[in-house]
Amino acid sequence: MDFNIIRCARAILHVTDLDASRNFYVDALGFIETEADDAHIYLRGLEEHTHHSLVLKKADEPCVEALGYKVSSSDDLKALSELFEMKGFTTKWFQKGEQHAVGETLRVQDVSGMPLEFFAEIDSVERLLQRYDLYKGSRMQRIDHFNYMVSDVEAAFNFYNKDLGFACSEYTDTENDDIWAAWLHRKQTVHDLALMNGKGPRLHHVAFWLPDPLAIIHTCDVLASLGYGENIERGPGRHGLSNAFFLYLRDPDGHRIELYNGDYLTSDPDFKPIRWDINDPMRQTFWGHEAPDCWFNEASAVLNVLTGKKVEQKQGKLKQHKPTFII
Amino acid sequence: MDFNIIRCARAILHVTDLDASRNFYVDALGFIETEADDAHIYLRGLEEHTHHSLVLKKADEPCVEALGYKVSSSDDLKALSELFEMKGFTTKWFQKGEQHAVGETLRVQDVSGMPLEFFAEIDSVERLLQRYDLYKGSRMQRIDHFNYMVSDVEAAFNFYNKDLGFACSEYTDTENDDIWAAWLHRKQTVHDLALMNGKGPRLHHVAFWLPDPLAIIHTCDVLASLGYGENIERGPGRHGLSNAFFLYLRDPDGHRIELYNGDYLTSDPDFKPIRWDINDPMRQTFWGHEAPDCWFNEASAVLNVLTGKKVEQKQGKLKQHKPTFII
Amino acid sequence: MDFNIIRCARAILHVTDLDASRNFYVDALGFIETEADDAHIYLRGLEEHTHHSLVLKKADEPCVEALGYKVSSSDDLKALSELFEMKGFTTKWFQKGEQHAVGETLRVQDVSGMPLEFFAEIDSVERLLQRYDLYKGSRMQRIDHFNYMVSDVEAAFNFYNKDLGFACSEYTDTENDDIWAAWLHRKQTVHDLALMNGKGPRLHHVAFWLPDPLAIIHTCDVLASLGYGENIERGPGRHGLSNAFFLYLRDPDGHRIELYNGDYLTSDPDFKPIRWDINDPMRQTFWGHEAPDCWFNEASAVLNVLTGKKVEQKQGKLKQHKPTFII
Amino acid sequence: MDFNIIRCARAILHVTDLDASRNFYVDALGFIETEADDAHIYLRGLEEHTHHSLVLKKADEPCVEALGYKVSSSDDLKALSELFEMKGFTTKWFQKGEQHAVGETLRVQDVSGMPLEFFAEIDSVERLLQRYDLYKGSRMQRIDHFNYMVSDVEAAFNFYNKDLGFACSEYTDTENDDIWAAWLHRKQTVHDLALMNGKGPRLHHVAFWLPDPLAIIHTCDVLASLGYGENIERGPGRHGLSNAFFLYLRDPDGHRIELYNGDYLTSDPDFKPIRWDINDPMRQTFWGHEAPDCWFNEASAVLNVLTGKKVEQKQGKLKQHKPTFII
């Protein structure tokens, strides 16, 4: 591979009411608002030295415009573009200046139909990690990963693992040795990207990293105090997979946000991916709690990077799988 | 009132398998085993200077033998005995030495049929609060309160509040201004005793206090590691009522144990009891999570202090056990 | 005793710059400002249902005007007044309305020369315990205790223990069995009042209770972020005495504030006070750290309740202020 | 560069009493003992899938035998060997099997005289991350970094940065723009290696990562409970540099161990190293606490990889070891 994808870097979400979004993300969750205009809010976490990791864009209906990955240099963009074209994907370029705060950008629909973008440059801003006086709500630190719901996990797995060089940290296997879900990473954490079988392409969630487990408990308390109790969809709990201490929220437009703490270092090339049986009840929730149906069924529609239209969805190839517990 | 009830002090639970109980309470939850014989295990928390706060007694079926309250002196026992007899309750005395580690004890069935005992003396043992090397599992600190499910909450409320001098910190009210549940205390915490409407008399749970919120999260992790995931019934979560950060467990015999952290000081006589509407979704769970049906329906049967037989149960006088959420 | 002192309830501190004080107490530490005027700021913690627990009063020099205790009723005030007069102390009364938000108040200089006040009534305000959206800085919960530096600890001990009915939870003893320090309480925590040998009468510190240990670490981080690093005098650390996880701060006028978490329940009349040897290095700091000299030598001067003049100070009767460690 | 150093991987420390070491590392700190024989104890953290990260080797006097780095493959070892020989360093090889649990190993004295080793293979063992029932003491997770005290920081910086490809995350600069200290990393954390000016070559400390800040506080409590209070040398506190919440311990032989939590992601090649002025009091300790002299003056001697003799030490080229605070 002659390119280096660094990490997942930003999500562009379409939302219908910027004020409602700001109340949720900035006032309640404690994201830092780097900048905003009539049509956008640019948000980042306290640890981030980059301009933003979340763009909320005013639109008529909630959707995912693009999921952005940072690469090392503009040469990487060229090499990626060549790879995509060789494989028959149509790409689209934004020149520097066309997207606020971000350099030259390559967009492409991935093998599952997810709208990706790649860029090497993003404006630097003051990192606020040691401005503890600004910590509030969830004490939001940084973007961590995306979770895609796709109809063909195996195809997506091969695309990211073989073509783009993502390593696998953990995966869920069916009785027939089909990969039902996979945790893939470029940076040295458990994931930049998780794939799960289901109606897709859809974005299941964007995940952000918090500094300690109490930050998750405090987030619940703050959300409830502000009347956002119903936005807490699942958790807090511990995933068996990834060992994350998690909380799933739904934003005012229904986009799902995961907040979590935990993780482990995945620096070693000889680390063997951890296999989970799809029927292991500790896989989804280490403590045995059942996830609500909506967590399995609902996700955000995504846009075509060329046409701007919604991408059509297909059912997951594998059977739907909410684990059944005998409690 | 010419007696002084200090606090809830111990529960005597019948269990069917002492080894299974020890695995759960000592190895997993980290209770300190003060002493044991063929028929009993005596347990205490790290903060407790008293011999035990939980007695597990070998029996053919799970039951609650007695819920013990500590009083200031033997004079208090006499005064309590006179009160009960005047009110027509039949009492039973154990002389010092008849119960291991506990002094002279007065037993009586309360107005709801719950088996109570009162004593002034209990053996002193080394307090292990600063033996941090012994902290494990939940880092169990001390007994905190009992929760009774009773068919007539108002009658029970009046008994404890007017006759025995318990103060009310919080309560749940129906649309008709009937008390559906109440939090009552003698010591200066939110409760020594909670009452809730339901089929009773039954013991809903015994609660123990943990040193910090992370101890609750770690308890879940340890329980899951040891195969006790299914013993986690509800939580972790925040109660609106009492502000407790809670976790409900079922022991190997199905007795319900609450572990919690939070609470507040209730020293002031001019503190006004906090009223919660029964339909307020934040009452039960501040974050909006629904409790499982079993939490509302299942509880431990109790014994008659005179006959040793199970006390017959009646349905709760008020309807609507479980709040309905629109999520 | 025919009166009932509930707990320590408020401190009135003279400060020289109200804005500087507000920056420190409200913006950095997260106290709730209930009310203010040109000459006062009234502060409370998130758990408190009373109007304030700390009054900052504009003055030319830093001083302690009074340390207030809450009693059950106005009858208690009369009984206390009779006791003081019988013992030869001169008392001073404020009628309801003379002090903002507080009812009828009895002031008196204690046996050590400390300026006390007693009142039964204080305005009720909204308790913000479940307004987690307002939690910031230290997540300040409630006033916990005063620490007096006095020249004759034994005399002070007898006054509070025998005359006023404070129970002793822990104490420090010299080789000659002289009480060098004592922890005394009315409410069921380790203390409402600590006494320590030294140049006095002076107020060593006012202590406030925080909800968990991480709140103390976050307080340090927030203080440092805001340029208050030099206001951190000692800690965080663990006291052997009281088991408190502590942090000592100096406010902009040099008044010492303790923030802490930990404590234990002191409800039982048969709890035996814990004796610490003055040479036990784990007494002061369980982990063995040495306290800085200023912590032992500096404290706030106090005013005479009748004249408003500073009370003259005497050296402590016992020697050896600071334990010597061999590290 | 045609080799890939993954991360710091293990330290081999000579200790004089294996039982004393086991009491400290295993019983108190909670390291997992993978294996031991008469002359060695092999230890790892709960997150580690590799056989060990710390080898304690019985010897007559405390010393550092080697500091090991993991590389991707045996080709990397060859490439490194060629680099060292080209630069005039003498290398030494261990074949697979010569060192327990570790594959082919290349040893070399670095430009400062520190004894390094490089290997690609180390035995895999069960990762205990989700065996929460085994968590005790500090809940030790994994090795994080080494800190060298060297006489010529600039020479060492160039060696690691330019020759070995370590990136710089933060550094301390003198008034004359001399690098006084530097934080260098291969894995995507703040460091695998820190360099500081001083008498050297010596190992200042080996650092291990803990799962949350409370684990550090609990470590202090456990150490004090077990009589190890005097082994706590510095902290807990926050470093300005690296933002680590730290604790420094001295093991029974005087080797310094850092336990810490915090850190941040250093995945981005465009992250600009953070410069700290040597006179900035928040650099060393964000909260302003002064470090004890011993922390600046004492460190572990190191051995020559060829002769097994102690390496001679030189004074640091730059002056001013310890920041002066005006508190």
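Chains: A, B, C and D, in written order; residue numbering restarts at 1 for each.
One rule holds for everything that comes next: a contact is a pair of C-beta atoms (placed from the backbone, for glycine too) under 8 Å apart; a residue touches a chain by one contact, two chains touch by 3 or more.
Chain-to-protein mapping (UniProt): A, B, C, D = 3,4-dihydroxyphenylacetate 2,3-dioxygenase.
Computed from a predicted structure; not experimentally measured.
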Relative to chain C, the most remote chain by C-alpha centroid is chain A
Name whichever of B-D and C-D has more C-beta pairs touching across its two chains. C-D
Centre to centre, by mean C-alpha position, how many angstrom separate chain A and chain D? 34
Distance between the centres, which are taken as Cα means, of chain D and chain B, whole angstrom: 49
Centroid of chain C to centroid of chain D, CA atoms only: how many Å? 44
Which residues does chain A have that touch at least 2 chains other than itself? 130, 212-214, 221, 224, 286
Contact footprint of chain A on chain B as seen in their complex: 213-214, 217, 220-221, 223-224, 229-230, 232, 236-238, 245, 281-282, 286-289, 327
What does chain A use to touch chain D in their complex? 6-7, 47, 49-50, 70, 72-73, 121, 124, 129-130, 141-142, 187-189, 212-213, 240, 243, 261-262, 264-265, 267-272, 286
Residue positions on chain B within touch of chain D in the complex are 28, 130-136, 212, 214, 218, 221-222, 224-226
